[in-house]
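Note that chain A is present in both complexes that follow, paired respectively with chain B and with chain C.
Let's look at the complex of A and B:
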């Protein structure tokens, strides 16, 4: 009891800001609704794009559209949840330019936590809904051999995916300290990573495999777990059993993110380097 | 363990800046040694780019010193930043810590949560600040709709909400009208009186220094060039003030008024300017002497320009 109230005290600053942000978003109802519908449409269009692609080709990289639905659902859902909580790392360049990051330094909370909780875009839940629907449809439409192992694999994939994408946001933020005007570059990295995650990694050129399969392992968020779950053959560079390694990939991504953020903050403060 | 609230020893900060293709080093703060005791009110002045903001950033843990040490409230600003944040309040004249789309009251509520004030402390402090800074009329207004004077008062209240021991104000009165300036100064005097708060302020306004500070520190190119009282600074550089006199009839130049210097006449002597040193004579004495010679219609006293004082300090060194 004492512990939970101590936690409540520690979480109070973040909760106060987030509740306030959510309330202010909902107070503009019409614009909020349009935002939600628009965001959902973007998700649906991306799915349609994949459908068109597969409708023409039948199979790409040994993956059919039904299987792709699962890949897309996993990636989209995990990314949207990560985006909901960590997407505000995107505002760092604005804060840096306006000098408002200095204001965070004057508050008794960790910088990264303040940045992440400085705002929340509820419309991102619309995207998560698209992802969740595709995920459920994908799990139902494919011939999944349900077992305890399969359930664990799906759960691991979702949790690891959220962690991996969150880490991707933090890594991009860390890089921002060096690239004051580099929002486009890091956006390419973040959204490119998401886009790559919704594609079968078996058709990636080797450079992309190195970047998004190893250095920043988004292949582990959706494609590889799907390959493992459905018992697909996998590819030369990314064998099927790798799907089980999603948590390891997530840990690695968190390590990279922690390093990027720390180095970035040190650069900003001008200590060493 | 020292009790000083600010303690800098040989504080130096360099930046590497790109100068065309080459990189060169720029020394923003150069071997600065400075101690501020609790309860002091220090004016920290210098030309633009003299290193004032860099010093403030090192005091608050935003920047790491290149060499030298700094202690603020007895803490190391960078590693102890979060503990320090509870004891320091900073007002940046140019950057806001309020939420621009929220009412002022809501911003205060969030800041109270951020600083972990309990409900009773929050109410007591908010009431105190509302009353003294007269925020009541715009508490429910979103920050983006406030006038500059209102916003600045709200910013000051926001920075002081958690009752910090040390308040750092970076150009707090810039752009404010006379009434707003006066109100802000009175508030800071009262706050200091009531809570023993230490003040460190940078300003371009001599009035701020005169009314608020009992100590002045002047920096030039990052080095400390003067540290003492305002009268002491005036003695060093001669802080002459100027009175502008509008007379009833064109008069001869008002030469030889004790303690003053005739600076010029306009409109055939209808308007005359006299310089005087407040240490030598008072405005009242000078006026009494003037009134024996001419009939006075109106009078204005020009504040000495801080840039001017700083320039003279700089000139005296070279």
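Let's look at the complex of A and C:
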């Protein structure tokens, strides 16, 4: 009991910041509403893009549109949740350039935790909703053989997906300490990774398998669990049972993120204020 | 008249030189363009192979051309809705620009064109090179080669004229961020950035063609990749020029009306 209240005391500052951020976003009502609708539309259009392609081609890489719905739902939901918590790591270069990051160093709290809890963008929940709807629709529309194993697989995929995408954001943030003006460089694997996650990885040439199947393992967030769940044939480089390895991929991504973040923070020498 | 032309020419050169200082950012953008290009190449060429040439008439060479040319133009054609003018309208700093004896719209477009033309070097050429290496198609005949650059510049100008409208909408709205987001989603989709609009279901293609968005990216890509030939090229150029004129006219009207509602605080 005493322990849990001690934890509550320690978390109080974070909670206060987050609650105030959420309230501030909702105070401009019209603006917030347009933001939410816009964000939702972006998610819907991304699905439309997949639909158009599969509508024209029928099947691509041994996957149909109905099956893609599940891949898209998993990827979109996991990414949006990761984006909700870690997405504003993207604003680190702005702090670095303005020298305002030094303020974070003055507080007796871990840097990354402060950065994560410094803001929360509620409109990202709109995209998570699009993802969740597609995920449920995908699970209903496909011929899933429900069992304890299947439920565990889906749960593992969602949790590992959120962790993997969060790790990508942190990896990118760690690299920002070196890049500063080249922040777009990390978009290649963060937002490229999100795009890759919504693709059937069976069509990838070897180079991309190495990049998005191993180095930044987004293939494990949606495509591979779907293949395992629906019993689809895997490809030569990505066999069907790999969907079970999503947690391993997430662990690897967290390891890379931890290293990138630590090296980045050590490299930082202050804004010279 | 000649003097005015010289002023906008200077602005164009200034935009070109300004963009040339952001080299690391250009490199970052290029890395993203190449990554997205490779991912799109994988899935779109798989789609072409499955349909054996039935996908909107695309084969591997024209699809590669579509991918690499559109990725190469992405840095220069404004499909994101971001423009410096947006902030200046919001803060009211734009009032200073109204004091100058030049046209706000023409000055904005000239500066943006300069920036866009420079961006073609670091972000347009490398994807083009990749495209040539993997074997993409090129403009068809002398008309295609002649019309390609014209179509490209028309596409860039059309996108700037459109984004200018978003910026001047700020005279009436407090925050245009929502509109920017809507623009980004719709322009990318109907402009043919994600998939060519010619493989859409028919009703959706008709809808896309009825908007100015394909004039920004899809038509220039069609001309440059040789998908459009002969008279078709002339038709696409005419559509681009038409949309550009309409957007310019609307922009002029909105600027004039917006001047009257602009409120500047402080002294």
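One rule holds in what follows: the second predicted complex is superposed on the first by the 268 of 273 C-alpha atoms of A that agree within 3 Å, B and C clash if a C-alpha of one lies under 4 Å from a C-alpha of the other, contacts with A are read in each partner's own complex, and residues count from 1 in each chain.
The rule is simple: a contact is a pair of C-beta atoms (placed from the backbone, for glycine too) under 8 Å apart; a residue touches a chain by one contact, two chains touch by 3 or more.
Worth saying up front: this structure is predicted, and the values here are computed from it rather than measured.
Engineer: After the alignment on chain A, I want to confirm one thing: do chain B and chain C clash, or do they fit together?
Structural biologist: When both complexes are placed onto chain A, chain B and chain C end up side by side without any clash.
Engineer: Scan A:148 for contacts with chain B and chain C and give back first, second, both or neither.
Structural biologist: neither
Engineer: Return first, second, both or neither, reflecting whether A:107 touches chain B, chain C, both chains, or no partner chain.
Structural biologist: First partner only, chain B.
Engineer: By residue count, is chain A touched more by chain B or by chain C?
Structural biologist: C
Engineer: Pick one for A:98: touches chain B only (first), chain C only (second), both, or neither.
Structural biologist: A:98: touches chain B, not chain C.
Engineer: Classify the contacts of A:49 with the two partner chains as first (chain B alone), second (chain C alone), both, or neither.
Structural biologist: So A:49 only meets chain C here.
Engineer: Give me, in Å and rounded to a whole number, the least C-alpha distance separating chain B from chain C in the superposition.
Structural biologist: Once the two complexes are overlaid, chain B and chain C approach no closer than 12 Å between C-alpha atoms.
Engineer: Per the definitions at the top, what is the overlap between the chain A residues touching chain B and those touching chain C?
Structural biologist: none
Engineer: Residue numbers of chain A touching chain B in their complex, please.
Structural biologist: My answer: residues 9, 12-13, 15-17, 20, 24, 98-100, 102-103, 105-110, 266, 269-272.
Engineer: Contact residues on chain B for chain A in the complex?
Structural biologist: Chain B reaches chain A through residues 13, 15, 57, 60-64, 66, 78, 81-83, 85-86, 88-90, 92, 94-97, 99, 101-102, 106, 109-110, 113-116, 159.
Engineer: Mind pulling up the chain A residues that touch chain C in the complex?
Structural biologist: 28, 31, 34-35, 37-39, 41-42, 45-46, 48-49, 52-53, 55-61, 179, 181-189, 191-192, 195-196, 199-200, 203-205, 207-208, 211-212
Engineer: Considering only the defined contacts, which chain C positions touch chain A in the complex?
Structural biologist: Within the complex, chain C contacts chain A at residues 22, 24-25, 27-29, 31-32, 34-36, 38-39, 42-47, 50-51, 55-56, 174-175, 177-179, 181-182, 184-186, 188-189, 194-195, 199-201, 204.
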